[in-house]
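I've put the structures underneath this note.
Presented sequentially are two complexes of chain A, the first with chain B as partner and the second with chain C.
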Partner chain A sequence: MKSMFPIVCMFVMLIGCVPTKQIEKLGIVTSYGADLLEDGSIGNTLLYSQFDPNIKEPVQTAESQAHSYEGAIDAANLKTNYKLVTGQIRTKVFGKELAKTGIVRLLSTHFRDASEPATLYIAVSDTTAKDVLTSTTEVDLSKFLYNLIDNNRKREILPKSDLIDFLHKYDDVGIDPVQPLITIEKKRPVIDSIALFQDDIYVDSLSPEETFLIKLTTEKFKAGTHEITLPKEPFKEDIGYDTDKSDKETIHFVLNEIRSKSKVKLDDTEKLSYTVEIKLVSRLIEISEPLIIEDEKTIKKIEKHSSEHFTKQLEEMMEKLKELNVDPIGFGKIYDEETRNKKLTNKEWRDLYPTIDVKFNVKVEIIRHGIMQ
Partner chain B sequence: MDKRTRAFQNSKKKGKLPLSIEQLKKSIKDQLHDEADLIFKKINVQNKNILVFYISYLIDKKRLDENLFTPLIYGDKDWTVEKLLAGLPLGESKEHQTVEDVCTKLISGSIGIYIESENKIVSYSILNNQQRPIEKPERESIVIGPQAAFSESIETNLNLVRSSVRSNDLVAEKFTIGSRLPTEVRLLYLKSLANDDDVQTMRQRLTDLKVDDIEDGSVLAQYVEDSSISVFPQFYLTERVDRFSYGISKGKVCVLADGSPEGIVAPTTFFGFFESTEDVYFRWNVATFFRMLRFIAMFISFILTPIYVAGVTFHYEVIPTNLLMTLGESRSKVPFPPVMEVLFLELIIELLREAGARLPTKVGQTIGIVGGIVLGQAAVEAGLTSNVLIIVIAMSALASFTAPSYLMGTAIRVIRYPLIIIAGLFGIIGVTFGLCLLIIHLLRMTSLGRPYFLPVYPFVYQDLDNALFRLPFGVSNKRSIAYRLKDDTRYKEKKSAKQKDIDDFGGYNEH
Partner chain C sequence: MNINVAIKPGLRIRAFYLFFIIANIQTGTGIMGVSSYIYKEAKQDAWLSILIAGVFVHIIIFIMFIILNKYENTDIFGIQTDLFGKWISRILGTVFIIYLFASLLTVLINYIQVVQVFLFPLLSPWLLTILLLLIVSYSVLGGLRVAVGVSFIFFLLSIWLVLFLYKPITLMDLGHFKPLLEASPKELLLGAKATSYSFLGLEILFFIYPFIDNKKRAQLPTQLGIAMTTSLILLVTVTSIGFFGGERLEQTIWPVLILYKSIEYAVVERFDIIVVSQWMMVITPIMILLVWMITYGMKRLYSFSQKKTLYIVLFLLLIGGGTIKEQFTIQLIIDYVAKVGFWIAFIYPLVLFPLVLIKKKIEKKKEGYN
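Let's turn to the complex of A and B:
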């Protein structure tokens, strides 16, 4: 019993020391948007949920002006009767202008404070973050934005783009992050393309077509879907009776259940020549023309042409990336791994990157093309 | 020894035989404090005065007339003590040297016979035992399997146990406990199986127990268990005959007390309290599922409400966003902090349970169901509690009733309260701290000197089967290894592995 006394004492003393956060007294911030203002400070837009039985709309908006993220929350707190907390934040949107000046300074709390969530998505707005976060009041925008990114990532349309991934690629030398770029279409935010970052500075954007190529080289597909467009010429003899009489130049194929593997090899550390081996196994599920597939030959033809198509696209994209001096595929990281004895610096790589030579080697394999009678 | 006890013992020493009939009468009357129904019948056979005495409501009168008076009077013998012992068609006889001795027999349903000027009294037990018939178990009901429950009579109970454990290996040692109101207690075990240390420990504890009175088997269990501070029961108390004899057949040490429908099974592990004999009657895979379900239920029962309190008071971050909205909306109408809200609703549930248990069955049922629904609904509408909490509380209350042992169920319900309060004060850190204390407590506990948390701590791989889950009988052919029984193999694995086919018996394929 004597030994229990100090423990009991300690408990009694500690009662009330832990600050309570009863959920009904909180304004739970679920989305945060930041824009660069004319005077150089940051204009903030917050979406938060509060639980007042008398207010019908669960999501409220607050705006504030500050120089930091935490400061923004404090400034916004003066405008609401709830205690604003950021532990449930799910999406952070940055205006294009702000993104051009770098965004990592507004993300540092997430790796400093344990109570800040680390599982959130980062997006760049095509216009301003405020436009995105105030675009509609019909839906819960926080949930909408989060699910917009989450579902597309799960469907293997977007590459990995959460906070952890962003910070990881930002910190590593020789690889740059990509994040979704959001525009507004019919008063709803939509993902238009992906934003390319040089470190944490927004540079340019890539189309969904190019996004697929980025994902193809950097990640593994497990069950992706993709539409490819090939010239009609080589398939002319295989096309059966066509009800559509209009003259078209192209033929479209849809591949699904794509499984892919990619391997980037540094062939020569001096000349900086790389080979990217991509193997793509998939099922052909849709063709825009009544193509008759009777033997292996037709399939082989499709495989050959789509491989060439991908290679060409990849080469074009590579040129663009080199021009922008952005390395989302991470060639620099591989260079750094190969040349272990000297540490690669960011500046060195920015100088070297435009001089690299990349050879793409794409192999498409169609293993099924459906049951057709 | 104080004065009163000494005086009591002195008075017992009076009444040395032989005595005259009148002296004996007086002496017995004194001893039994002039019991109104004490009957003395004096008969004279061949010039010998014989005194038959008994307490009329304790004995079977039919047997008295047929088996005692008839041969005694019409036998017309020259009766002596030896002839009395041998020549009467009654079984249980005893000779006594003193009046006190015979009086203790009288109050337990014997008749005394004294032949004048002999120095011994003969007694025969013809107890007319008033007892209720063997009924179905009420506290531990199961669906399949034997449906017999113990009654208050130790003779009936022993009868039931003996008839389900038919082995001359079964030892039933007799103890008499209680200095003022002695009660018969039996220690049952299988001689060739039970660990001698366990038997000796229990024997020692029963022998050393010096109390005036044991009210019930459950009281006896409290007297002899390892730790009386703990809220957790350490011996399994059962009213089921099959559960009791299952314990015996597994080499455990079992105790029955007279006047109690509860049998004690020892040693028992923590996990043993979640084991029902039904698990053995079910198929192994189904039984495993239900056993797991009970463990999960137990965990839910004491962790769910504290987690609710901690989450809603301190850790909004960990609640999934969608759930947070629902929780927040239902919480926003409640004027109390979460911990008060939970305690309030838990109190209602406990009141309902207690009221339901005390009231007559028919009224009790109405209280239970109607009270639960109506009160819960009313509390939500009055804005006293949130509707999510109703579900949480209902779930944890339901879960606590799944424990096959009623004592364990109540223990779990009780430990919930400190956890709720600690969760309200310190959040999830408090809950973790409380759980740690709880686990430390459980790990340190023993049951009859054996670790309480077997086979998880100390970890005994072979015993996991039957303690945490069940395996098919072909594989599970061992008894508990940790208990160090005299024989830990139930049957040979190989023999049970192959089932005989019809071809093995018939001669169809002979040619």
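Let's turn to the complex of A and C:
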């Protein structure tokens, strides 16, 4: 009996110690959008859902004006009859104007406040975040946005991009984050391209074609797909019969099951010259012309021309990145890792970056060409 | 006070349990934040600092065993009495007990703080303290064998948390470790010293030794326990450095919990909440063992009843746990315990070692003359 006493005590005391949260009374914030207002404060748009059985529209929006993220939730609580809670937030959308002034101040709370989740997606809106989050009421926009990014990441179209990745690249000197850029098409939010950040400041965007190149240099493809366009000229003799009557100058190939490896090497620490080695192994699944692949020579020709094509594209993109002074590939990080006893500062690297010299070395290998010759 | 203590066979424990006792008492709340401490000193070479610290602790355990094996069946109080006489040994013993109490207090307030930050911000610290102290008093009243049993079971029940670190490990950036070996030897040693709060607890060997049944086989499980702690600290530090890198790691108070925060499953979306709750199983054995050490020490030093000491300790803990709330105060106490603990747990055995050797040699000579 004596030993039962503490146990009974515990059960008695455990009741009603913790403040309760009834799920019917909660408004669960699932998406958050922030825009810069003219007076410098932030206009917030929240999407929240409830589990109230009497309600017809489960997803509702609330707007507020504040200077911080937690403040925005608090201010929005005045406009709703539910208690807003943020533990289920999945996507944060930032308007273009706000993104141009830096977004990390609205994100750091996820690492400071333990009750905030750390796994969520970040997106930049081509117009304003409000436009994206109020674009349609037909679908659950929170789910839509989350799956839009998640699905494209899994299909290896988007590079790695979420809060953890953003903060990781923001913290490290010599590498800049990229995040999806969202625009509205036919009243639905769609991914338009990739937003380039300089630290946490939105600078410019990259086309889907360039997104592929960024992913090619920074990550490994496991099963990607990509369409390439090459000039028709070198392949003229291999085309069996001309079906396409329109006199096009180009020929299109689709590469599938792309597996790639890339390695960035710093050749010279003084001159800052880099070599990027990329090896891309893939399967050819579609050709826009009836190309006859009888021997290895044709395949070799495709490989050679597509290698040149990628190299040229990469060089063009590199020029653009240097001009913008953003470093999503992380050349600065490699420089910092290779130099001893000196910590690279962000400012130093911004001065050095436009002077770096990058050589690309792309090797395309087509191991199969489908079930046709 | 007798130098050697006689323990009834029914109260003894098998040497095998030393592994769980050592691994458990060392891995407390310290491991949650240790990586940022080491990183501050040794930067990306923190892993090397941990290995240095680990080797050092292995050597200390080895020395502690040599000291203890010189005697028939004794503990730290017996050794001190033998070396310094009655009064000095009492002062030293009291310092030891005060240190143990302070270290016990840090475990409690640190855990309460973590619970308030991660789980229930509005929960009263008094309540949590009372709940924890009930479990502690219940086990301590059962004696050492219950305390050891609790640490054995809770170790097995909480070690699985390590497996779930695989997710942050996949998010690691190995570039954060480059350039290798940039830290100077001094920085590496300072980094090794920064681990001391996490390695504290090995002094339990000085208390529990007389209770071990098969003393000849005690060395191996103890050393394995130290190896377990070292590898755990190494694992969380390497993962934290790879995951956070640089400044963010230095600013983070509990990097390990943030690591668990990045894990998300369809069923369990916030894994850190499970970790914090589960952590109770990690800290209860520590508190139980420390309280037992204090009560046992008071009995040996002043022949004070163990029950009375228990209630006094619990009362003081209750007041400490309920009133100390500020993050900075808690940090200050922890830093202080870490500093004192470094001298008591790691340096003190090294001081005792030559003294015991000399004393034993003199005794042998005397016997020889007789």
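Keep in mind that, in the parts below, the second predicted complex is superposed on the first by the 357 of 373 C-alpha atoms of A that agree within 3 Å, B and C clash if a C-alpha of one lies under 4 Å from a C-alpha of the other, contacts with A are read in each partner's own complex, and residues count from 1 in each chain.
The rule we apply is simple: a residue touches a chain if its C-beta (ideal position, glycine included) is under 8 Å from a C-beta of that chain, and two chains touch if they have at least 3 such contacts.
Predicted, not measured: the structure shown is a model, and the values here were computed from it.
In the superposed pair of complexes, A:P58 makes contact with chain B only, with no contact to chain C.
In the superposition on chain A, contact of A:I73 is made with neither chain B nor chain C.
In the superposed pair of complexes, A:I356 makes contact with neither chain B nor chain C. Once chain A of one complex is fitted onto chain A of the other, the partner contacts of A:A99 are absent, as it touches neither chain B nor chain C.
Using the contact criterion defined above for the overlaid structures, shared-chain residue A:V18 touches chain B and also reaches chain C. In the superposed pair of complexes, A:I149 makes contact with neither chain B nor chain C. In the overlay built on the shared chain, the residue A:G87 is in contact with chain B and with chain C. Judged by the touch definition given at the top, the superposed model places A:I164 against chain C, while chain B stays out of reach. By the touch criterion defined above, A:E338 reaches chain C but does not reach chain B. When the two complexes are superposed on chain A, the residues of chain A that touch both chain B and chain C are 14, 18, 87-88, 115, 117. Listing the residues of chain C that touch chain A in their complex gives 117-118, 120-124, 127, 130-131, 134-135, 137-138, 171, 173, 175-176, 178-179, 182, 243-248, 252, 257-258, 261-262, 264, 269-270, 272. Residues 3, 6, 9-10, 13-14, 17-19, 87-88, 111, 114-115, 117-119, 164, 167-168, 171-173, 330, 333-334, 337-341 of chain A are the ones touching chain C in the complex.
Interface residues of chain B, counted against chain A in their complex, comprise 312-317, 319, 321, 324-325, 327-329, 331-334, 337-338, 425-427, 429. Considering their complex, residues 11, 14-16, 18, 20-24, 26, 28, 30, 49-53, 58, 85, 87-88, 90, 115, 117, 143 of chain A touch chain B.
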